[in-house]
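Take a look at the structure set out below.
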């Protein structure tokens, strides 16, 4: 057996509040999802004008970042035609997200989950996800 | 054209807080999902000791109740062998839930969404969902 | 953050060896799956004469037991027509298993995973799964 | 009727041990899957720090290589935009893998299965899969 750290619902709420604050700051209503280290949903919210398509995209970005332990943007950079991971986005029944907005959550170099945002541009989505990460780091 | 009422994220938060309070009162950590009139996820939370299998079950109970505009328990009562809706639980790729814990949300007789709970017994799940509904009715 | 125990591959191997020994003892080649606390596959093997249909069934039994923290047999006992969880077996895209052979793994009352067996009768499957559990308990 | 060669669990274990040894040698924990000539899982293991997303990817690489009787890399080389197999990665519900790490297993020119690895770079994944193949060839 080994011992690992795990996100609580309160940790997720702290991240969610910071992400929502950033989304309001940039004026883009978002779907925001936070998952645990197994990629399973812990907390989700859709802001009033966020897209319906972005519900699943936000959840799957969080899942991908948590379960692959890498940002979804990083996968996009190696998945174009002729690149080594071309085609990875259709794996896992299409859940594998390869555009920006999903970030893994690490605590002392250990993977503990992921946060995924969607409804803005991928850059905006990632900015909001990062705000969630930053809030968690500040209380550790 | 017509005008319809729609749940806001704040409405969902009000319901979620009441449902969580009831779950704590009965001592059962739950997965709780609230969806809009299209059956699409608005707000979700997993309490720290809630089941992982109940994530999808809670979301699908909320979806079924909202989109079919009936409690998931009511479907269970007509879906046994020889009954009129026998087999309905395998429709929609298995998303159609037929055991208690999913309730439709009506405002002035108009369907506006659903709430689904899972991780306790079906009776406990429905009790927690009902607490969410009650909280919304009190502010209307 | 909280701290939780996690199965290692070596823990899973210990369980697998004991389960395989039991399967040979009763003369039934089996598919045997061990998953972590998130329900994700850690170790799987198909003995030479085990059924092909039982590959997914064993994996899904282990998943169900781990993620719902209850034996798959226990779910079967409340899922018949007229019972409270009737229809639960078609949830999660049909992954929710309700016949014997899947057991949750607990360490000091904490859920850490599941073991699922298939290819014999459900009773035989559960006997083999139990042998895996027993082996882990002996080294804790 | 005809007679075909078939992998045993012992053959798969031999391959798995060699693949694991290579993974340790290059310092990358991997998900490793071995399937039979029908593409069905025979043996799987996830090393302690391997990715969760790579569970399904490793299994599907082994499946693709076995069932298509070609390396997953070879499919990637003909599946770019404008190439003859463009789009093949979305077939079979997304199980068709087109990046390196899945190799078919041949015995005397006869296809008997596949091995798939994932968690490193595609090149690393293929190197580990090849170590499994080499170990089998040495005992034939």
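Order of writing sets the labels: A, B, C and D. Residues in every chain begin at 1.
Note that a contact is a pair of C-beta atoms (placed from the backbone, for glycine too) under 8 Å apart; a residue touches a chain by one contact, two chains touch by 3 or more.
What you are looking at is a predicted structure, and each value in this text was computed from that prediction instead of being measured.
S.K.: Look at the interfaces A-C and A-D and say which one is made up of more C-beta pairs in contact.
M.R.: Higher contact count goes to A-D.
S.K.: With centres defined as the mean C-alpha position, give me the chain B-chain D separation in Å.
M.R.: Computed from C-alpha means, the inter-chain centre distance equals 43 Å.
S.K.: Express in whole angstrom the distance between the two chain centres, defined as the mean CA positions of chain A and chain B.
M.R.: 25
S.K.: At what distance in angstrom does the C-alpha mean of chain C lie from that of chain A?
M.R.: The computed centroid separation for chain A versus chain C comes out at 30 Å.
S.K.: In whole angstrom, what separates the CA-based centres of chain A and chain D?
M.R.: Centre-to-centre distance between chain A and chain D: 29 Å.
S.K.: For chain A, jot down the residues that touch at least 2 other chains.
M.R.: Touching at least two other chains: 2, 8, 38-40.
S.K.: Line, ring, star, complete or other: which one describes how these chains touch?
M.R.: Other.
S.K.: Can you list the chain D residues touching chain A in their complex?
M.R.: So the residues of chain D touching chain A come out as 48, 51-54, 56-57, 60, 76, 79-81, 89-90, 93-94, 97-100, 121-123.
S.K.: Inside the complex, what are the residues of chain A that reach chain C?
M.R.: Answer in residue numbers: 1-8, 11, 36-40, 107, 112, 140.
S.K.: Quick check: in the complex, which residue numbers of chain A touch chain B?
M.R.: My answer: residues 8-9, 38, 40-48, 52, 55.
S.K.: For a test of understanding, state which residues of chain C touch chain B in their complex under the given definition.
M.R.: Residues in contact with chain B: 2, 38-39, 64, 66-69, 81-82, 84-88, 90-94, 96.
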